[in-house]
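Structures given as structure tokens follow.
There are two complexes below, and they share chain A, which is joined by chain B in the first and by chain C in the second.
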Partner chain A sequence: MRDKILYLLGAAAILIVARNIYVIAGLPGEEAQGAIFKIIFFHVPLAITALTCGTVACVASILYLVKKEMKYDALAVSVTEVGLAFLAGNLITGSIWARIIWGVWWAWDVRLTSALVCWILYASYLMIRHAVEEPTQRAKLAAVVSIFAFIDVPIVILSIRLFRTQHPGPVFFSSSGSFPHDWSMIMMWNLFAMMMLGAVMTMIRLRQEEVQREIDSLRRLAHAF
Partner chain B sequence: MHALLPFVLAQAVTPDDLVREAARLQRNYEHLSYGLIVAWFVLVVYVLMMVSRERRLKREIASLKAMLEERPKK
Partner chain C sequence: MAFARLVFVIAAKDLRAELRTKEAINASAAFALVILLLFSFAFDLDPDTNREIASGLLWLVFAFAGTLLLNRSFARELPNDCLDALVAAPISAAALFLGKALANYVLLIAIELLSLVVFGIFYNVRWTVQFGELMLVLALGTWALTIMGTIFSALTVNIRLREVMLPILIYPFMVPALMGAIQLTLDLMAGKPIGGEKVSWLEMLLGFDVIYTAVTVFLVEHVLVG
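Our next item is the complex of A and B:
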């Protein structure tokens, strides 16, 4: 039953995104940038979803350190993995956008660099997990790394407000933004769909972590005979 | 000045400019589609990795359960 609900939610998210792609294709190009500007409808929701995943991972890690319950560790690893995939999508779309607008694939500007550092930190979190065998020790170490990695999330968010960057300033959640209302609505729908997709992927990954724990306990039982 | 405007505009936009603008638009659309394809490709690859992990876990748990069921009989 739980599986069916998850797959239905996933299918609904994909349908919303497909409908949005159709709507976005029909929009006129932006005055200065042309059609490439439409990449913002994916670039921004991918980033917001990824950074939300980082925040959830940090909360789950703190909860693990406080309560010592493995379900929080499982949530942290699941949501980090999903967030990493979304952040990779965000970095790649940003790079392609930069190639057209700035003429370069990459610029070592504060926003781009902090986002890349964020990706590397969360990738290291997953690698560290593979390096430690003992589950409790692994969970404790991973929780500390996740909290440490989260320090970069506010830097990524605030970098365009605090520093002069090549990356443009905030278009959403800002009084200086000049995004047309109907475009904002499409953006919100895309954000909703991406968040839903992220939540579904996290739930599926979380269930896999539960199965993995069951396998580990069965293995221990098998060795005990 | 107004009488000269069409002449100035006609001078300003040459057929080469139009060709360049069309090429810029084309490049714009190409890069937009590359961006979208790559972004979705990353997510699809991740979903495929999850599917393969799911299959491996199912196989592993089934074999472990079968092994544990076998043992007491011996």
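Our next item is the complex of A and C:
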């Protein structure tokens, strides 16, 4: 049953993405930027999905420390891995846009730097997991690192904000924004699709994690006899 | 009061052990000097450049040398199962952690002052112009390095590849603190007092110290005892 729901959700997410790509491809180019502006329909939803993943990972880590149940640790690692992939997508799409509009692949600007630091923090979370063999100890250390990372990200953003920024400000759903309403709707649809994709990927990863743990415990049981 | 006394007992124990063996502090001081030497080849040295690169260079030296020092903090307790004894002792994990952090803080400040003197001589930079404010930034920045380094030293004490994992983990977490300290030191080295926009950096540094001290004291029980 759970499998069928997963397949269904996955198929629905892919269908929505396909539909969005079709609609976005049909849009006219923007006045100043031309066709490259369309990357924003993926760039922003990827960032929001990645941030959501980080938040879920932090909540799961706190729950693990409070309740000591392994399922929260499994959720934390699954959602962190998926979030890292989405953040990488965000960084790559941003870099492609910057190459064409700014003329450089990378600038040390507030959002770019904080996104990169965020990526490195969560990558180190995954690295420390690989360095610890014992499952309970691994879960405990990883939970603490995940909470630290979640606290660090706002401080990084705040501190780099004190420098000047060249990243464009928010353009949709804000009073100063120049985004027409129907473009904002396309953005929302794509955000919905990315969130759904993220949820499906997390559930698949969670499934793998659970199976892995079951195999590990069976193996230990076999060695005990 | 009892808590403060416990913190000082642990700090005094660590400092005494370190001053008798001098293993971490010697390595760390020597490493700081070697980096200062290497940086002299990396840049074309003239008085203006020296002043510009001074703050970044110094804080990188502090961060690198500090990791070497902090790495030993909990690892030192592994032989003869001393760590288990400390955890089993009738003191809270927070007191144990703060005691160790305090000892590391004193040692790291000593290394930093030594590096500053050597830096002033070799690079011909007068760093004493804004002495009081520089010491304030040094105190706040070093506490940020110490608190992060000590908690990660506790986190990684039992894992393989500890020496490799520690730098990978702590440098990204230190980014805001290092940025603040470097920005503030930049002006102080040029002889300008902290003022205007730079005050917000000082606030950020202070905020970093307070937030992380609170969170680590809260979480250290989980880290050490589980």
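We take it that the second predicted complex is superposed on the first by the 210 of 225 C-alpha atoms of A that agree within 3 Å, B and C clash if a C-alpha of one lies under 4 Å from a C-alpha of the other, contacts with A are read in each partner's own complex, and residues count from 1 in each chain.
We adopt the following convention: a contact is a pair of C-beta atoms (placed from the backbone, for glycine too) under 8 Å apart; a residue touches a chain by one contact, two chains touch by 3 or more.
In this text the structure is predicted, and so the values were computed from the model without any measurement.
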**Prompt:** Does chain B (first) or chain C (second) touch A:E214, or do both, or does neither?
**Reply:** first
**Request:** Check the residue A:I204 against both partner chains and state whether it touches chain B (first), chain C (second), both, or neither.
**Result:** first
**Message:** Touch test for A:I16: chain B only (first), chain C only (second), both, or neither?
**Reply:** neither
**Request:** Would you check which partner chain A:I151 touches, where first means chain B only, second means chain C only, and both and neither mean what they say?
**Result:** second
**Request:** Scan A:A35 for contacts with chain B and chain C and give back first, second, both or neither.
**Result:** first
**Prompt:** If you stack the two complexes on chain A, which partner ends up touching A:V117: first (chain B), second (chain C), both, or neither?
**Reply:** second
**Request:** Please indicate which partner A:A222 is in contact with in the superposed arrangement: first for chain B, second for chain C, both, or neither.
**Result:** first
**Message:** Looking at A:Q137 after the superposition, I want to know if it touches chain B, chain C, both of them or none. Which is it: first, second, both, neither?
**Reply:** second
**Message:** Between chain C and chain B, which one touches more residues of chain A when both complexes sit on the common chain A?
**Reply:** B
**Asked** Contact residues on chain A for chain B in the complex?
**Response** 21, 29, 33-36, 38-39, 42-43, 46, 81-82, 85-86, 88-90, 92-93, 96-97, 99-100, 197, 201, 204-205, 208, 211-212, 214-215, 218-219, 221-222, 225
**Request:** Report the residues of chain C in contact with chain A in the complex, numbered from low to high.
**Result:** 155-156, 158-161, 165, 168-169, 172-173, 175-176, 179-180, 183, 197, 200-201, 204, 207-208, 211-212, 215, 219, 222-223, 226
**Prompt:** Touching chain A in the complex: which residues of chain B?
**Reply:** 24-25, 27-29, 31-32, 34-36, 38-40, 42-43, 46-47, 50, 53-54, 57-58, 60-61, 64-65, 67-68, 71
**Prompt:** Quick one: in the complex, what on chain A touches chain C?
**Reply:** 65, 117, 120-121, 124, 127-128, 131-133, 136-137, 140-141, 143-145, 147-149, 151-152, 155-156, 158-160, 162
